Amino acid sequence: MAGYFKSILTGTKSLVTGLKITQAEFFRKPITLQYPHEVLVMTPRYRGHIQLVKNPETGTHQCISCGLCQKGCPSGCITVRGEKREGVKGKVLVQYDLDFTTCSLCGQCIENCKPGAIEFSLEYNLASTRKEDFHYDLLARLEEQK
Amino acid sequence: MDINLVYMVLFLAGIIGFAALNAAYLVWVERKGAARIQRRTGPSEVGFAGLLQPLADGAKLMSKQILFPDGIDKPLFMLAPMFAMIPAVMILVTIPFGPVGFGPFADFMLVAREMNIGLLMIFAFASVNVMALLLGGWSSKNKYAVISAARAVSQDIAYEIPMILIAITIVMTTGSMHLSTIVESQAGGFWNWNWLPLQGNLFGPVTFIIFFICSLAETNRAPFDLGEAESELIAGFHTEYSSMGFGLFFMGEYANIVIGAALTTILFLGGWLSPLPASIPFIGAPSVVWFLLKMYLLIWTVVLIRWTYPRVTLWSLLNLAWKIMIPFALVNLLGSAALIKILPMLGL
Amino acid sequence: MSSQALSQNQEVFELNLGPQHPATHGVLRVKLVMDGEYVVDAEPVLGYIHRMHELMGENRTWAQYLPNMGRLDYLSALSYNLGYVELVEKMMGIEVPERAEYIRVLTTELNRISSHLLWFGAFVLDLGGFTPLLYAFDDREQILDLLESVTGSRLTYCYYRFGGLYNDVDDDFLTGCTQFLKRLRSRMPMYHDLVTGNVILRQRLVDVGPISAEMCRRYGATGPVLRGSGVNYDVRKNEPYSIYPELDFDVPVYNECDSMARYMVRMDEIEQSMRIIEQCIAQMPQGDIMAPKVPKMIKPEVGDYYHAVEAARGTFGIRTVSDGKNQAYRMKLRAPTFCNLSLFQEASKGMLLADALAFMGSLDLVIPEIDR
Amino acid sequence: MNKATITTQLRALAATGMVDEPETAPAPVVEEVEEGAKKKAAPPAPRKNGLLEVDPARKGVHLDVQLNGDQVVAAAQALDAEGMQLEAITGVDWINDNELELVYDYSYTGGEFFRVVVRARIPRDEPNISTLCDVFPSANWHERETYDFFGINFEGHPQLENLLLPEDSDFHPLLKDFKGC
């Protein structure tokens, strides 16, 4: 019988403790971010989709069109095409496409890149109802950044 | 035309409006309160601090299509939501909210139609609420809904017993089923209220808590929301309801919360009486403000409880009713009967 | 089984739980045969998000398979990454610099805490309590922020590399970890007051869903499920890998075999992981984070290899067969919750529906890992 | 769990299975493998039945046993009696040898680090092997999964249906001649 009353008492005590905690939390400030009104800045290492690095001296990319990023990509989402042009050593990059729908942001391409021509962008505000919106032309993107 | 009839119609309209407003804004309070308990902001986009959110929700619900799944029992399916809402309004009609307490109409009683057996009628109509869950669950032709209906019925039967036993104790000590009389008998300060044993209610605070818990269980509120346990039964008896069918169940739930809190206030917390003796001017005066204050405090506790505890299981719920509450209520009934005889001998 | 129940003239009915159901946390489907509220038989039906990761392992190079590891168990992705890179290092005989090992263990344990915190919240949600979920998310968010600042992602990490790491951690991260540990230490008593001590929760967990140690063995259950049945088995201790032998931590074991025991094991594991992280921060040496000689093309010797690590949910084992090429000949992923769930059918017999769901929650299921 | 008992029992089992070969026949596989890798020769011939004690630091297991297909149940019973648990069952398609290999991973959770792998090769054209469900219930799902991926027929299995693949699928993706669907 004593156990019966004791269990009722300890049970009630635990319930009151719970109420105290939630009531105390009620008076504390919210911690959530009101997303469209407040926006986070991503950390420098954030992995957005890849982009071409702009060389501050030449004002253009550093890609040598070797295609190692394309080769190393697990999901085959990169298409690189370079052309031989007269008077220019090596190949000239004419196309750098990224199919972001299949990218898994692993960083293999960036690691494979010898000249360090690609990096992760800090873009995260990406939403669309169309698949094609995630097919990026990174060369054009670099042009826009100028 | 009889002026009383005009009053009555006005009061009825007022009560329905009160029920609807309460249902709508208790949802807001619930959402906002839950958000703050969980360190969120809650509704904030529609209107200032999301105050128009309930209206937007209501408009959304009303504009939705009513879906009738194949093979349902259509008449019962449509009847069930009404059974959820109508008894709630009927009960609210009989509840006295007390005198205005200030201004030119200080003594004007805010009550639609009080009856001398008000308490009996309230319990009679509160039982109809079970029918709503049973019919809704049964007619939906959904296994989850049927399980939910079975749960709700066994739960409501189990919890009506201690609730009524305690109400009988109060009727014994006050000698009336008339709600206003019950309130008036508690006059003279908060120590005279029924939640303390001075009026003859032997285990005063315990009975208060039991009654409060029972009213939670009767309204299927967490932690006793076995009927709609969303992690087990998806949405329980209203799984198949859409649009205002669901809306009525939803409003009925909140109206029932209001009734539960109002009844607890009347029976245990002195209704519209001030916690201080009436001899103190202004603060001591009985007023509807006191009533609402007490009632909403209880409702807030209901909300807080919902967002604090996990759900009980059916067995522990029934154990609580049959093994703890009913024995307590019975002992209390007998003890109070004795106390009523003893107190006059002691000159109290 | 249902036919057997029917033949006994029980009034049973079938109840289809899932694949879309609030308690299955994903797309698990359970075919229930119910006698009223009692479970007569529960047969899990899998495969709703099966992605054939094992076949992907056979047509990608060893390095290209790395991102797949983050997508098995999205809640403790780093444990799986760790298992895979350690397997490849084992095959290739690569020595990993000590600093890298410490960072790996540190981040893995952070990930384990975040996984257990999410389980804690989701489990209480299964039991009908909503608020603890968001408190746990609050703390978990701190971990995700910390891990994001090093790995760049929040959930599907791809941070470890054969022979080391993608990049080094800085002092900000380490001080951030110390601050977080301080914060979590002050929050744990709150969790225990709000949830562990709660009489309703105890009623729902104590003596519910008993799994004996023998049953665990027969079904191959591992991780907290096994340790909640009184078996002191943790791959980190029993089959040491990485720098775990140098760290001082305990393996929480509870003998009650019920859902509460499994709950307590995970809550205690959070404390132990905090101890491990503290030691990692204190003992972390300076130095390289990549092994000096990692072959550009990974071509392991012919043969087959096995490696197991302790993930947040149990033993994650990889068995791989190499034919000397730059792709695996066979890649077998042994997922812990696959085995843990397989005992559900036997263990849930005769339970109440509510208890069966609480029991299922206590197994800590992550469906993408079961389905692979 | 007694390592010596397990080793003796499994070795005896492997020996009885070898009709033509004497027990001493199987050379350590590791060396054989290294030679093969160095020479870049044709893939090494399939391994003979037998028991190998291998280095767990390199291979991840202590004992590597290859048996006949009809002996896996006996091996499972021996390991079950010693308190080992079945961790996984999987297959490997050796299409060049026209054989399917079944791999049973056992581990010990009682404290000591001890892992055993039992293998059996069965012909690819008649992929039949008896089930372990009666010994280890965990084999149920593992065998269903292996049936999914390799089409191996586990004789005596109580419910040999697709587990991870769709119910109506008739392909076995991990067979090396699977060409997508």
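As written, the chain order gives the labels A, B, C and D, with residue 1 at the start of each chain.
The definition used in the following text is that contacts are C-beta pairs under 8 Å (C-beta built on N, C-alpha and C of every residue); 3 or more make two chains touch, one makes a residue touch a chain.
Fair warning: this is a prediction, and the values are worked out from it, not measured in the lab.
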{"item": "Subunit B reached from subunit A - shortest hop count over touching chains", "value": "1"}
{"item": "Chain located farthest away, centre of subunit C as origin (C-alpha)", "value": "B"}
{"item": "Central chain (distance from its CA mean to the mean of all protein CA atoms)", "value": "C"}
{"item": "Inter-centroid spacing, subunit C versus subunit B (mean Cα positions, whole Å)", "value": "44"}
{"item": "Between subunit C and subunit A, distance of the C-alpha-averaged centres to the nearest whole Å", "value": "24"}
{"item": "Interchain centroid distance [CA atoms averaged], subunit C/subunit D, Å", "value": "26"}
{"item": "Touching two or more other chains - residues of subunit D", "value": "none"}
{"item": "Of all residues in subunit B, the ones touching two or more other chains", "value": "37-40, 307-309"}
{"item": "In subunit C, residues with contacts to at least two other chains", "value": "131, 135, 138, 194, 198, 200"}
{"item": "Chain contact topology (line, ring, star, complete or other)", "value": "other"}
{"item": "Chains touching one another, given as label pairs in label order", "value": "A-B, A-C, B-C, C-D"}
{"item": "Parts of subunit C lying in touch with subunit D, wherever the complex brings them together", "value": "46-47, 50, 52, 54-55, 58, 87, 90, 216-220, 222, 226, 231-233, 238-239, 301-308, 315, 317, 319, 321, 323-324, 329-330, 332, 334, 338-339, 342-343, 346, 371-372"}
{"item": "Contacting residues of subunit A [partner subunit B, same complex]", "value": "8, 15, 18-19, 21-23, 25-32, 34"}
{"item": "Subunit C partner contacts - residues on subunit B that touch it in the complex", "value": "34, 37-40, 143-144, 147, 150-151, 222-223, 225, 229-232, 234, 307-316"}
{"item": "Of subunit A, residues touching subunit C in the complex", "value": "10-12, 14-15, 17-18, 21-22, 25, 31, 43, 45-47, 72-74, 104-108, 111, 120"}
{"item": "Of all residues in subunit B, those that touch subunit A in their complex", "value": "33, 35-41, 44, 301, 304-305, 307-309, 324"}
